[in-house]
Structures are given as structure tokens and as C-alpha cells.
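What follows is a group of structures, each given as C-alpha cells.
First chain A sits with chain B, and in the next complex the same chain sits with chain C.
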Partner chain A sequence: MKKNTALAFVFVAPALLFLLAVLGWPLVQAVIFSFEDIGIIGSQGHFVGFANYAAVLGGMHFWSALGRSVVWVVGNAVVQTVLALGTALVLNQKFPGLRVARVWVILTWIVPTVVVVIIWRWLLSTSGGMINPLLMEAGIISRPIGFFATRRSAMVALILINSWRWFPFTALMMLAGLTRIPGDLYEAARIDGANARRRFTRITWPLLRPTLVVLGVIGTLLSFNVFDVIWLMTAGGPSQATETLPVLIYETAFKGYRLSEAATISVLTSVVLMSFAVLATRAMTASEAGR
Partner chain B sequence: MTAFRFVAAAGLALTLLAGSAHAEPVTLTWWQMEQPPQRVKRIQELLDQFNKSHPDIQVKQEPQSWGDVYAKAPAAFAAGNGPDLLNSIPDFTTVIKKIGAVVPVDDLVKDLDTKHHFIKATLAPYQYDGHTWAVPAYNMALSMWYRKSVFKAAGLSVPKTWSEWKAAAQKLSGNGKYGIGLPANKQLYTDQTVYSFMVNDGAANIYKDDGSIAFDNPKTVAAYQAYADLQKLSPPDSPSWTWGEAEACFNSKSCGMVLQFTVISSYNAQAEGDAADLGVAAIPHADDQPESATISYSNGIMITTKDAAKQKAAKVFLSWLLEPEHYGRFLNMEPGLFLPVTEDGAKADSFWNDPVTTKYKSQVETMIDNSKNGKLFGFTTGKVFPSIGAISAQDVLAETLQHIVVDGQSAADAVKAGQAHMTEIAGK
Partner chain C sequence: MKRTLAQSLALYAGIFLLVLIIGLPFWWVVTGSIKLPQEIIQRLPTMAPHSFTLQHFRKLLQSSDFPVYLLNSIMVALFSMIVTIVLALPAAYAFFRMAFPGRNLLYRLILVAYAFPGIVVLIPLYGLFARVGLVDSRASLVIVNVALALPFSIWMMRSFLGSVPREIEEAAVIDGAPATTILLRIMMPLIAPGIASVAIFAFISSWTEYLFASVLIVSDARRTIPVGFAGMIGQYQIDWGLLLAGATAATLPVVILFALVGRWFVSGLTEGAVK
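On to the complex of A and B.
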């Protein structure tokens, strides 16, 4: 047994060493940087103890960005869950063209971020974009609006665009969960006279919940770390309305030339995300055990 | 005999080695930030010509993006992989100087100035701390663009003062058209347009001589107020604009006027392309100011190698590039955008022979005239303070405008907040 364990370690060691090199070392570097006063990347720093942590936690920027990150994550979770669940339920039915629909629904997810940004910037533009004229034709607005011109509309527009991009992936995960629900359960429910709403609340939802919980945890971590769409669309604006923590980290390191401060925010962000992951995993384990 | 053969063979080997070492050309790596394919192609054509005529020097380009280079270049120098030549704008030079990677080019610039006569405004941002830190290569200056036919139909003449400008923008607004397209994004383009208002109200200096911030003053507040008033006549999505959206607004005739370095290329290819109708003028000035000024970006090339042989080779290459017969072709890597920094370059046949430059000759001449009164924030007093790099990179000028346009603050409060932010940056 001991020999087998040792052999297992030998086989796993190269992968572990690789992971330590590419993930562990940068993390250690970030922690080291957070205790120094490095400005421009590549310049020398000096040990300053917890000064960076005191400055970051004592200032407003970190907390404001954390608040916006929470809004961003919750907004994305709600919109993507609604869109993805609806799509998954439709794709779980039998209808002509089902296979084509299941393949093509993922299109928005495979389009590169830069292309997504260009498409949406153009669609939402007041100089030739299609959204404003459509809304005016429909009588929803009386004159063109700037979707990224106000604090609230910018965050809403960004959440919708990001959700538009990601919901097909979530929908496919949910569809996988739906296809695992035995069909005879629905058949039995129908025989017992359960209508569509009761079949959803008594069969679909309870059996899909484990998939939704896992998706919720992974989705939260993925959403929290989204940088590309926000940076390319608004760069955190207008007036910092969409400056989430990843955007703040980039701004601080590469525009403010305060690498150590950025490393400090990164470490604190990692702590927040790790805490969430640990708590969520424990909750899931407890839920599984209680079932 | 054996010893003789050995000595002879060794001598021959040493001679061959020495010969081959001598024949090895000095290779220079040039990081330049002009990535569009046509610009890379034109630069490569020039490099091929230079490398062929100078077999002892080989220059190779490695195109970079302005978005990456602020982080990439310092990291490369720290790792010992930095380039030998590096394109720059004045605030980027302060970043590279701070990490000790740039070499002064005093003698080279003195020689080139004697020979080609630099336009003073293009050289000044690189001269401080007793040295010259880059060789000016090309200039970009903001101008006001409009359509002559649109002005004529509205009965307007070209505005020279802010009150005339506002009246013109109001007259051109309506029926789905916007009198002017001014950005309010927290981005470099807005820094540029805002500063072009500041210089036209006599508020060019953001530093005092002692390095403290002089941003919060009545002239700056008035400039921001004038900008915010005109910005109300811009499209509603202008708080998220970069250069491209403003250019698109002008080309689609949605905007009556825009502030741009140039619109020639896109107007020629995507809009009417009618040179006779394309108007360009100096940016209007405050009513109490005597003349117009603008923001200008003198792009330079820094020598960033400590190797003496490479430094010598770099000087040969830069001298070659500024020769009028080559320089015009270099500038025309994007016709109608890059302006000459030397007096003989401004007259060079190689510059004016380009078909697009020829077609829009009067516009390019006006752009050159405007550029002569160009200034750049942080580089106006002859003293340069390192914090300008971070102030510029963090777009504090644009951020201040957003406090007015997006947050609804008064110009005075916004400028006060801008002063506080700049002071905080300068203190770090």
C-alpha cells in the first residue's frame, strides 16, 4: 500500500511541480510584492510591511470596486440564469431542427471578445447603430440615448452584453443536467395529473438544483474575474461606474504605476474569492450529506 | 616543422575569426508603435533600403502597441531584453527615464538641428534635466475639422473664438444632427481635447516651477465650463467615445465639427473624399485670448542601449531617417496624419509627392501651421516632473471632465477634485 502511494506521488509529481511553477510562484511573487513599495514594473522596491494593506483597506477605492464587483456578479448571475434556464428548457424539448439549434446556440460564446465588443459598440452607437432607431421606432425612447453615458445604464448594458455572451455556455451545462433527469418521472407525474408548473417545481427544479449550485459557484468565480469585456467596452467608466476589482488592479499597476499596491489588491481579491469558494464547497458538501 | 604548422594554422584561424568578427553587422532592434499593416510595410521598405546601403548595420523592427508598451517595455528592460531603439511620446519618456534605460542624445540632436532645423515645439518636450532624451520623429496636432458646404448652407464662417464656436455648434444642431462631436470618455482622446481647450484659455501649465500642481485656477475652470457647454451639443454616447467614434460621426455627417489629429484618410476612403469641401482650422480660443493654440504630440525615438557600438549605429540610422529624401516617405506611412518635425522635412519632395498628401495639400499645410503653436500638458515650463507619466496614464484631465458631464458637478468642484487627484499622484 505504502509502495503504491509512493508510486502515485512519483507519477503526480511532475504535474504538481508544473502547477507550482506556473500558479504557485506568481502567487508567492504577488504576496512578496504586496509587502514592498514597487512603482513601475521592473523597478526596485523596499520592504514596507503592512503599509500597502493599511492604505488599501483604509481607502475607498478597494471597497467601492468590491461593491461594484458584487453588483456585477449578482447581475450576471440573475440574467444568465434566467436566459440559460429558459434556453435549456426549450432545447430539452423535441422539435424540428433541434440538433442545429443545440449547435448554433453556442455561437455567441465562441465569438472572440474583441469581436463581441466591436459588434456591440457599433450596435449601440448613435452614429449608425441599430439599437437606438429600433427603440425609437418601437416608441420606447423619444431620442437616441448613450448606453454608456450614465453610471447606471453603463453597468446594466455591460451586464446584458456579458450575459448575452456567456448564457449559451450556462444553458448547455443546464441542458446536460436536464437530460440526466429520467423521463419516466415526468411520465408518472403526467399520469398522476401534474400540470407543467407542478412538473417543473416538483421534478425539474429539485433535480436540477445540484447542477445550478455548481454552476453558481463556478459562474461567480468566472464572472468576478471578467476583465476583457469591461476594459474594452468602458475601461471602468463612466466616472468609475464599472470599475470592478480586476479593472482596479490593472489601472493601479499599469496606469498608476503602483505595482505593489496592485499586488496588495490582488492578494485581497484572492482571499475574498478563496473564502467564497471554501464556504460554497462546504455548503454544497453539507447539502449533499443532508440529502 | 610541426610547431611551424601549428603556429601557422593558429594564426590563420585567428585571422579568420577576427575577420568574421569584424564582418558581423551591428544589429539594432527597434520597437515602434505603428502597428497598422500599411505603416509596418512602409517602415520595412525603409529599413530594407537602409540595411542594404549600410551592410555593417542591420535594423529590425518589432511593432508594439501603445496599449501594451507601458507595461511591456519596463519589464523587458528589467529582464535584459529591451530594444535598442524605442518610439516614444513625452510622458512615456519620463517612465523609461525613471528606470534608467534611456540614453541622452544631446550631440546627435544638436547635429540634426544644425542640418535640418527642428520645429521648436517638437523638441522642447524632450529637453529637461540638462539633456535631450529622444530624437523627434513626427508630430501630431489636434485641429478642428468641418465641411465647407455645411458651413455655407448654414451661413456660418469659421469660428475663431469660443463664443463664435458655440453659436456655430448651436446653429448646426437639430434634425438628428449634432453641432459638434466632443468626447467625454476617461481616455486619452478626451485628455487631448480637454487640454486643447485649456491651452486656448491660457491654462497650459499644470505644474508650478517647484513641481506642485497648478491645475486649480480660474482659467482651467473656465476652459472646463466652455467644454462642458459645447459637449451638451454632442451625441449622447460621446461619454464613451474614442477617436474612431468621433471620426465616424464626422464621416457620417452626424457631427458638424470634430477635433481630430486628422480625418483625411477615413474621409478620403469612407466619406465623400471631396478635398475641396473638407475644412480644417485652428481650434478656437477663449474670447479674451489673442490667438489659437493646440495640443501636439511630438513622437520621438529614444536610444535605449548601453552598448557603445549599438549607440553609434543607432545615431547613423536616425540621421539617415531624417534625411529629406527618406523622411517624407517615413511620414507618409499614414498620409495626412504624421507631420514633419524639421523645416527641411516640411519642404521635402518625398513628403509632398504622396498622392493623398498632394490631394489634401491645403489641409496638410494648415495642420502644419496649427502644430507650430502646439503644447503638451506637463511639458510647458522647461521643467519636467516624473509624476506627469502617471497623471497622463490615469487620464486625470478626462476624469475631471467626467465629474462635470457624468456626475453633474460644477466645473469649479471638478477642477478642485482634479487638483487633489494630481497632488495625490505627485506625492506618491
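On to the complex of A and C.
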């Protein structure tokens, strides 16, 4: 048995050391950077204590970006949950072409973000495009809508586009939860005369809830981290309306050349995310224990 | 199970909506890439192409850097895929088939790594790569992509490893086979679908990675599609034909890969219990 333990460590070590070197060590360095005054990448910094933290927390940028990140995460969670749940329910039924549908539903998630960006830039374009001409032809609007022209519509459009990319992935994860609900439960409920809505509210929903909660936590973290769609679509505009925390970090480091400030914001961001993860996990285990 | 008429209607309405939401944008892009420029920008868009031309693809392949980006992307994705499998497989085996002290803690640590914002490590990582002369190399992208794909890959192996009956292993142990032999000769063929889905995941996440590629790669000759192609959006006077052709070409490799082994990946996702 002793020999086996050693072997297990040999198996785990390469992956673990790799992650420590590529993610763990840089993370430690980010913390160090946040206490220095580095400007351009590669330049030497001096220890400045909590000066960066005071500046970031005392200024407006961090807080407004955090607010936009919250809007972004909540918006994505709502839109994706609705779309994904509907999709998972459909994919849990039997119909001709089901196998094909289960594989290809994820098409939006396997293409590079830049392709997603080009698709939607083109479809939503104000000169030409697809959506605007169709809406105009149908007589719904008289002039093209500039989806990325106003602060609110830019955020809404981005949330919809990102959800379009991610909801199939979420749907497949939900499908995993759905397929594990035993079919006899529905059969028994049917014999007892429960209609479709009752079967959903009394069987599907309660049994799917743990899956939804786990997905909610993972999905929140994942959509919080989204950078490329926002950056390529609006670069945080118009007038910072879509500048979430990842975009702010990128801007500060690579456009503003204030590396230490960017490191400070990323450390604060990590603290926010980790506290959310810890609290959510604790709430999850608590509600499970209460069952 | 028989459905009532209303349920059937709801189901087919759902299927129709899905096809519309997911399929239609891709249909417009792919058909757009073979339309003549005047048809692409005409006031009332056409559903099916009325014209046919390969001029956009010709321009893409002959007078843009797209072929270079494509080649770089394929190379980086293939290497990322191989390294991810080599690292994920033994780790997953140890996590889900062996007992050792600290297992749960280490496993949780790896799960945390998955949800961690990549942008946090980007800045220090750039410094580290600069010190060892890896900035502006495709190797740096492979290293990053493996690190980003590894946690989820290990997690995804869980259901595949779990489905192999313990008795098979135990029989081999009794026969005196060493653990490495058990992994390579007995487990490997049984978990081939799992390996396929890890391969797809690693390939796709490398194929779509933008953030690190945009900072770590400096010269145009080493750019991958996400960054190189994004640069083309502004570089030309918005040439939609060219961009649509590029979007089609950038989609094709992952579609081919998915057509071959996509069902394993989907089963890896849907059977890999969310827990």
C-alpha cells in the first residue's frame, strides 16, 4: 500500500507542479507587484506598501467596474439559465435527430470568440447587416438601431451575445442533471394524475436544483472572467459602459502602463471572487446538510 | 411515453427556436462568404445566396496573413492537446482510482484553478516568460493553454474512470501487474472516449484563446487566429466578404474535429456528474 501512495504522488506531481509554476507562482508575484510601483512591464519597482490599495480603493474606477461586473454576471446568469434550461428540457425528450442535436447544439461554444464577434458585428451592423434591414423591412423600426451606440444597449447586446456563446454549454451540464432523474418518478406521477406543470414543479425542479446551484456558482465565476468578447466588441465602451473588471485590468496594464495598479486591481478582484466562491460553497453544503 | 398535442407543439417549437438561434447566424455567415460583395451589402439581405464567388476565400488565402495564423493555431492547439493529455491522464487516475493523503485538498485546489481569472496571472507570467526568453514564442502559448485546460480536463476524466469496474483492476493487481501497466494496457483502451473528450476540450480552448495570445505574441508571423484575425477587422476598410470567409475558415477545423469525436466530448460533459 505504501508503494501505491508513492506512485499516486508520482502521477499527480507533473500536473500539480505545472499548475503551481504557471498559475500559482505568478499569482504570488501579482501580490508582490501590488505592493510596488512598477509602470511599464519589465521595469524595476520599489516597495510602496499599501499605497496602490489606497489609491485603487479610494478612486472611482475600481468600484464602477465592480458594479458593471455585477450587472454583467447577473445578466448573464439570468439569460443563460432561462435559455439553457429550455434547451436542456428539449434535449431530454426523444425526437428524431436527437443525437445530432445533442452534439451540434454546442456549435457556438467551439468557435473562436473572434468568429462570434464577427458574426454579431455583421448581423447587428448599422450599415448593411442583417437584423436592422429585416426589422426595417418588417416596419418595426424606421432607422437602423445602433446597438453599441448607447451605454445601456451596448451592455444588453454584449450580455446577449456572450449568453449566445455559453448557453449550449450550460444546457449540456443541466442535461446531465436531468438524465439522472429516474424516469419511474414521472411514470408514477402520471399514474397519480399529475399534469405536466405539476410534474415539473414537484419532480424536475426540486431534483434539478442542486445541479442548478453548482452550475450557478461555476457559471458566475466563468462569466465574471470573460474578457475577449467585451474587448473585441466594444473595448469597454461607449464611455466605459462595458468596462468590467477584467477589461479594466487589461487597460490599466497594457494601455495605461500602470502595472502595479493593474496587479492591485487583480488581487482585489481575486479576493472578491474567492470570497464569493467560499460563501457559495458554504451555503451549498449547509443547504445539503439541511435536507 | 406519449405526448399530448400541446406538449408535442411545445417540443417542436423549442427545436425550431434552437435551430433559429444557433443555426441561422452560422448559415448567414457561411452563405455570406460566397456572395458577391454587392449582394452582401445590398439593402435587403438575402436568405440564400443569389450569387456565387470564391473571391473572398482567394483573397483570404493569397493576400492576407490568414494562412500563417491558421498554421500557428493548428500547431499550438495540437501541442497543447498532447501535453494536456499526458499531464491530465495520470493525475486523474491518481485522483479517482487511488487513495493517498491530501487527495481531497489537492483536488479542490485544482478545481479552484479552473475558475480563477486568467488575467490575474497574465502580467507576472509575461515577466517570467521574458526572463527565460519565451515571450513571442508559440511554446509560451502551449504552456499557458495547457495550464488553463488542465483543471477541467482532470475533472472531466472523472466519469470515464469511474465507469470502469474495480474488478478489472483488482484482477490485474492479483496477477501481479504493476500500476503503470494497469494504466497503459488495461485502463487506456477502456477510457479512450474520455481521452478523446479531454483532447477536444484542450484543442478547443487553445483554438479560442485570445487574452494571452494577444499579449505574449509580438510578431505577426507567430500570431494565432483569434488575435491575428481580430487585427484584420480594423486593418482593412471593413471588407465583410473577407471577414465572413475568414470566420468560415476559422470555424471549419473545429467543426471537422467535432464531427469526428464530438459525441464523446458531449457524453463527457453530460455524464460527468456536476458535483
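Rule of thumb we're sticking to: the second predicted complex is superposed on the first by the 274 of 291 C-alpha atoms of A that agree within 3 Å, B and C clash if a C-alpha of one lies under 4 Å from a C-alpha of the other, contacts with A are read in each partner's own complex, and residues count from 1 in each chain.
Keep in mind that, in the parts below, a contact is a pair of C-beta atoms (placed from the backbone, for glycine too) under 8 Å apart; a residue touches a chain by one contact, two chains touch by 3 or more.
Small disclaimer: the values here were computed from a predicted structure and weren't measured.
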Touching partner for A:40 - first (chain B), second (chain C), both, neither: first
First, second, both or neither for A:257, with chain B first and chain C second: first
Chain B or chain C, by number of chain A residues touched: C
Chain B versus chain C as contact partner of A:63, first or second or both or neither: neither
Which superposed partner A:12 touches (first chain B, second chain C, both, neither): second
Partner chain in contact with A:50 - chain B first, chain C second, else both or neither: neither
Partner chain in contact with A:205 - chain B first, chain C second, else both or neither: neither
Contacts of A:150 with chain B and chain C, given as first, second, both or neither: first
Touching partner for A:215 - first (chain B), second (chain C), both, neither: second
Touching both chain B and chain C, residues of chain A: 41-42, 121, 127-128, 253-254
In the complex, chain A residues that touch chain B: 39-43, 121, 124-128, 143-151, 154, 233-241, 251, 253-258
Chain A-touching residues of chain B, taken from the complex the two chains share: 70-71, 74-75, 77-79, 95, 98-99, 184-187, 235-240, 245, 248-249, 252, 254-255, 389-390, 393-395, 399, 402-403, 405-407, 425, 428
Residue ranges of chain A touching chain C (in the complex, touch as defined): 4-5, 7-12, 14-16, 18-19, 22-23, 25-27, 29-30, 33, 41-42, 83, 86-87, 89-90, 93-95, 99, 101-115, 117-123, 127-130, 133-134, 137, 164, 168-169, 172-173, 175-177, 179-180, 186, 196, 211, 214-215, 218, 221-222, 224-225, 227-228, 231-232, 246, 249-250, 253-254, 259, 262-263, 266-267, 269-270, 273-274, 277
Chain C residues within the chain A interface of the complex: 1, 4, 7, 11-12, 14-15, 18, 21-22, 25-26, 28-29, 32, 40-45, 86-88, 90-91, 93-95, 98-101, 103, 106, 110, 112-113, 115-128, 130, 143-144, 146-147, 150-151, 154, 179, 204, 207-208, 210-211, 215, 225-227, 229-230, 233, 240, 243-244, 246-247, 250-251, 254-255, 258, 262-263, 266, 269-275
